[in-house]
Each structure stands twice: as C-alpha cells, then as structure tokens.
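By letter and in written order, the chains are A, B, C, D, E, F and G; residue numbering begins at 1 in each of them.
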Amino acid sequence: MTLVPLGDRVVLKQVEAEETTKSGIVLPGQAQEKPQQAEVVAVGPGGVVDGKEVKMEVAVGDKVIYSKYSGTEVKMDGTEYIIVKQNDILAIVK
Amino acid sequence: MTLVPLGDRVVLKQVEAEETTKSGIVLPGQAQEKPQQAEVVAVGPGGVVDGKEVKMEVAVGDKVIYSKYSGTEVKMDGTEYIIVKQNDILAIVK
Amino acid sequence: MTLVPLGDRVVLKQVEAEETTKSGIVLPGQAQEKPQQAEVVAVGPGGVVDGKEVKMEVAVGDKVIYSKYSGTEVKMDGTEYIIVKQNDILAIVK
Amino acid sequence: MTLVPLGDRVVLKQVEAEETTKSGIVLPGQAQEKPQQAEVVAVGPGGVVDGKEVKMEVAVGDKVIYSKYSGTEVKMDGTEYIIVKQNDILAIVK
Amino acid sequence: MTLVPLGDRVVLKQVEAEETTKSGIVLPGQAQEKPQQAEVVAVGPGGVVDGKEVKMEVAVGDKVIYSKYSGTEVKMDGTEYIIVKQNDILAIVK
Amino acid sequence: MTLVPLGDRVVLKQVEAEETTKSGIVLPGQAQEKPQQAEVVAVGPGGVVDGKEVKMEVAVGDKVIYSKYSGTEVKMDGTEYIIVKQNDILAIVK
Amino acid sequence: MTLVPLGDRVVLKQVEAEETTKSGIVLPGQAQEKPQQAEVVAVGPGGVVDGKEVKMEVAVGDKVIYSKYSGTEVKMDGTEYIIVKQNDILAIVK
C-alpha cells in the first residue's frame, strides 16, 4: 500500500530524532512555521498546478528541510508521512 | 439519482471506519484541516476553471487522501457524499 | 417581471422542503457554508467575467447543489430567489 | 450638475420604497451584504479596468438588483446616488 | 514647489466646505471609506503600474468624487493635498 | 560602504526636520501609514520584479513623498536610511 | 554536509555581532519585520518559481540586508543559517 501524490505534492517521511542528532542538525521550534528535516518517499508528477507549470526538483531519497506549516500528516501501516507541496521544501541537505 | 459535479469538482464517498482500520491508515485529527480517506464516485469534466485549464487526474474508484477543509457534505438516498475540488485531493492510495 | 442575471450569475429557486424529503436529499447545516438544493430559473450570458472567459454549464430547469455562502436572496412576486455565481454551483442532481 | 462615472463604475438611484412595494419585490436585510433595487442613471465607459477589459452591460434606465456592500453613497442636489462597480450589479429586473 | 505624482497617482485638493454647501453635495460619513469631493491639481503619467497598463482619465481642474480610504494627506506651503491612485476616483462631477 | 538596492527597491535618506520646516511641508501623523519626505540616495536596477517589468522612475537626488508603511530602516556609518519599493513612493517634490 | 536551496531561495549566515559593530551598521529592532545583515552562503538556481521567472542576483559571499519576516532558521553542524527567498533580500552592502 503506497501513497501516490498528485500534482506538485511530495510525500515525506520524517527523519528519526536519533539521526537528526547524529547529523548535528538542530531545528529550533517556531510557533508559526515549524521547519523539519525529512526524507522524500514519493514525488508527484508536477505539470500544470493551479494554472502554473511546476517542474519537480526533488527526488525519492533526498533529505530535505521543509516548512511544515501547510503539510498534512498521514499515518499508514504504522509509518507517519507528511504530504507537502514542493514549494514548502526549502533546501536539500547534501 | 446521481450527483454530476461541475468543473474541477469531485464527488467522494467516505471510506467506512472499519475499512480504514483494516488498511491500517490512521488520520490524526487536526483542528484547521481534517485529512480524510475516501473513494471517488464521480469526477467533473475539468476544463477552464476560474480562468485556468484543469486536467482531471483522479478516476471513479480511486481511493484518495483529501483535505476536507473546503469540501461540502451532501447526503443523498441515505449515503453521505463530499464534494471537493480536485486540488483538495492530496494523494491516491494504491 | 423577471430577473435577468448578468455575467456568470445564475438565478435559483429553492426546492421545497417537501420535495427535498421526497428525493431523500438531506443537507446538513454548516455554520460557514450552507449547501442547498435548488432549481435553475435563469442563467447569465457568461463571457468575460473579471477578466476570465466563463462558459455557462447549467441550464434552466437543472436541479443543482449550490454553496449559499456568497449568494444573494431576492423575493419577487411572492417567490424567493437566490442569485449565485456559477462557480458556487457544485453539482447537478440527475 | 451630473456625476460622470469612471471606468466600470455605474451611478444608481435607489428605487423608492413605495415603488418597491408596488412591484412586489421584498429585499431581506442581511448584515454583511444588503441587496438593493435601483435605477441606473449613469454608466462609465468601461474599457481596461485594473488590467482587465470590462464591457458595460447595463444601460441608463435599467432597473437593477445590486449588492450594496462596496458601493459609495453620494447626495447631490437633494437626490441620493450610489456609485457601484458593474460587477456589484447582480441582475436586471425586466 | 509642486508635487509631481508617480505612476497612476493623482494629487487632489479638497473642495472647501463652503463650496460643497453651494453645490448641494452632501457626503455622508462612513466609518470604513469616507467619500470626498476634491479638485484634481496634478496627474501622474500612468503607464505600466503593478504590471498593468493604466491610462489616466482625469485632468487637472476636474472636480471628482473619490474614496479617501487609501489616500495619503500631505500639507505643503499651507495647502492640504491628498494623493490617491486614479482607481480611488469614482466619478467626475460636471 | 554603500547600500546597493535590489530589484525595484530604493534607498532613501530622511530629509532633516529643519529642512522640512523650511520647505513648509507638514506631514500629519497617521497610525496606519506614515507619509514621509526623503531624498533618494540609491536606486535599484528595476527589471522583472515578482513577474512584472518595473521601470525605475526616480533618480538619485530626488526629493520624494513616500509611504513608510512597508519600508525597512537601516542605520549605517551613523546615517539612517529607509529601503522602500518604488511603488511606495507617491510623488516627487519639485 | 551542506544546504542546497531550491528555486529562488538563498541560504544566509548571520554576520557576527562583532563584525556588525566594526562596520558601523546598526539595525533597529522592529516587532513586525526584523531587518538583518548576513552573508550569502548558498544560492538557489532560480528559474520559474510560482509561475514567474526569477533571476538570481546575489552571489555567495555577498553581504546583504534582508527582511527576516518569512525566513526559516536552521542550525547545522553548530552554525546557524537562515533560508530566505531572494525577494526578502533588500540590498547588498558594498
């Protein structure tokens, strides 16, 4: 059972707290917009979204920093996913 | 008696709680925007909606995760439907 | 005496409560946006509305589900009408 | 002394309460948006308004239903006028 | 010393209260948007403003009804001026 | 050390209170939007800003009336500057 | 480990307080929008962002004044970064 995102949406899996500590990334809490590190698990096809051409620029496996503000959490088969628009992904961590 | 959605609207039928449990999907409550799993029962023709070309990408029978925030509930012949814009559908569950 | 709607506006006549019961449609009250079943009694010419081309897709006699949120009620010759934009019509009931 | 409206603006003169009663039109009060019947007394030239081409579709003498929400009241030579954008006119009464 | 407005801005000089009384124009106070009669003293060049072509349609000397809501008051050499966008001018009084 | 503004931004240096008095310009305080007289000290290159072509119409040395509402104050080498978008400049004082 | 910004995003590293004092730049606190001086450490590729072509105009090493209002803070390997959209950068300090 898998999630196939539509349009410019991307399915993310939050990186474990342990891993976050190991990489030395600390994400300060922010009331309005909580940035998060996560791994890309599925990428929508892009194309015309809300009348604008969107080219997908992240790939499955990318570690990304995203802004969780308008994301939607979904738990499936015991794993928690976050569905965001690509525009809510700020940077790729390399 | 059937609902024929206009433009980019999609008619959904909420998946039963039992079925949700069986598939292992748990959708955490969220005050602002309640994500939901549902089955597509009718799809609008798409076309130019609000001045923008919209191509319909879901089909009757698809199981989808949607954001119920701006959907409209309608009960017909004892069944409850939700009419959403395709843009409120986040992902297809396969 | 008739109402001739401008642009993409549509004049609706609410379907009687009796008829609603007969068809088995129950529309749950919702504080923010009250969906309604109604019959189309007049359709505007469409054309360029707010800079966007609008094609009218409903016809006189159609039974429709609409979102009353931004509609305007007018009572004329003892009958109550609602003037909505076509975009506020969610689906045709067939 | 006359009011010459600019762009897509229309000058209206409210139809008297007496006349309203005679025609059988009753306009229910609404806190947010008060619909009104009025007669068109002057019509702007239309053209490009806020970057969009607007074609004027009402004429002097038309009886119209308008949404007073964003109109501006002006009293001149003892007569009260309302200046609205054509988009605030919902229908012509014929 | 003169004010040369930029873009689609217009410099107005409020018509004196005496003159207002003489012309019989009474402008009822309105909390949100105070309409005003004024004389045009300078007109911007128009052109592309915020990505949209604006053609100036008022001329120096015109008496106008404007919506003061987003205007800016400036006092220079003892005279009070109001700088508005042409779009805030509702009608010319002739 | 100088400030080089990006896009349609303009760097202003507030005109001294003494000079303001000399020129006879009095700018009444306004809670929401404080108009100000200032001198242009640097002008951005213009070009495509937020998807719209912007042509710069002010020049270094111009005395301008601006709306401080969305400006940003910066103090550098003891002088206070204000960085505004050209659209926040209402008029040139000549 | 590095941050690779997407689209029109720019990764900044705040300039140390010591350095700020040396350069004589004082940035007054502002509740709504805190301007900041920072150094550019990574620049996104630009391109079509939200349907609009964006050309990147800052380069790695530039000292910039930015508006922190919608930026996102990220701490990585003990260094604090801010990810902003290029449009939130007001000026380059030279």
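FYI, contacts are C-beta pairs under 8 Å (C-beta built on N, C-alpha and C of every residue); 3 or more make two chains touch, one makes a residue touch a chain.
The model shown is predicted, which means the values in this text are computed figures rather than measured ones.
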Cα-centroid distance, chain D relative to chain E, in whole angstrom:
22
So what's the Cα centroid distance for chain C and chain G, whole Å?
50
Counting in whole Å, what is the centre-to-centre distance of chain A and chain D, each centre being its mean C-alpha position?
50
Got the chain D residues that touch at least 2 other chains?
51
If every chain is a node and every touching pair an edge, decide which shape results: line, ring, star, complete or other.
ring
Using the touch rule from the top, order the ring's chains starting at chain F and going via chain G.
F, G, A, B, C, D, E
Which bits of chain F are touching chain E when the two form their complex?
23-28, 30, 33, 35, 51-53, 55, 57-58, 65, 67, 86-87, 89-94
Touching residues of chain G toward chain A in the complex: what are they?
1-7, 9, 11, 42, 47-48, 50-51, 72-78, 83
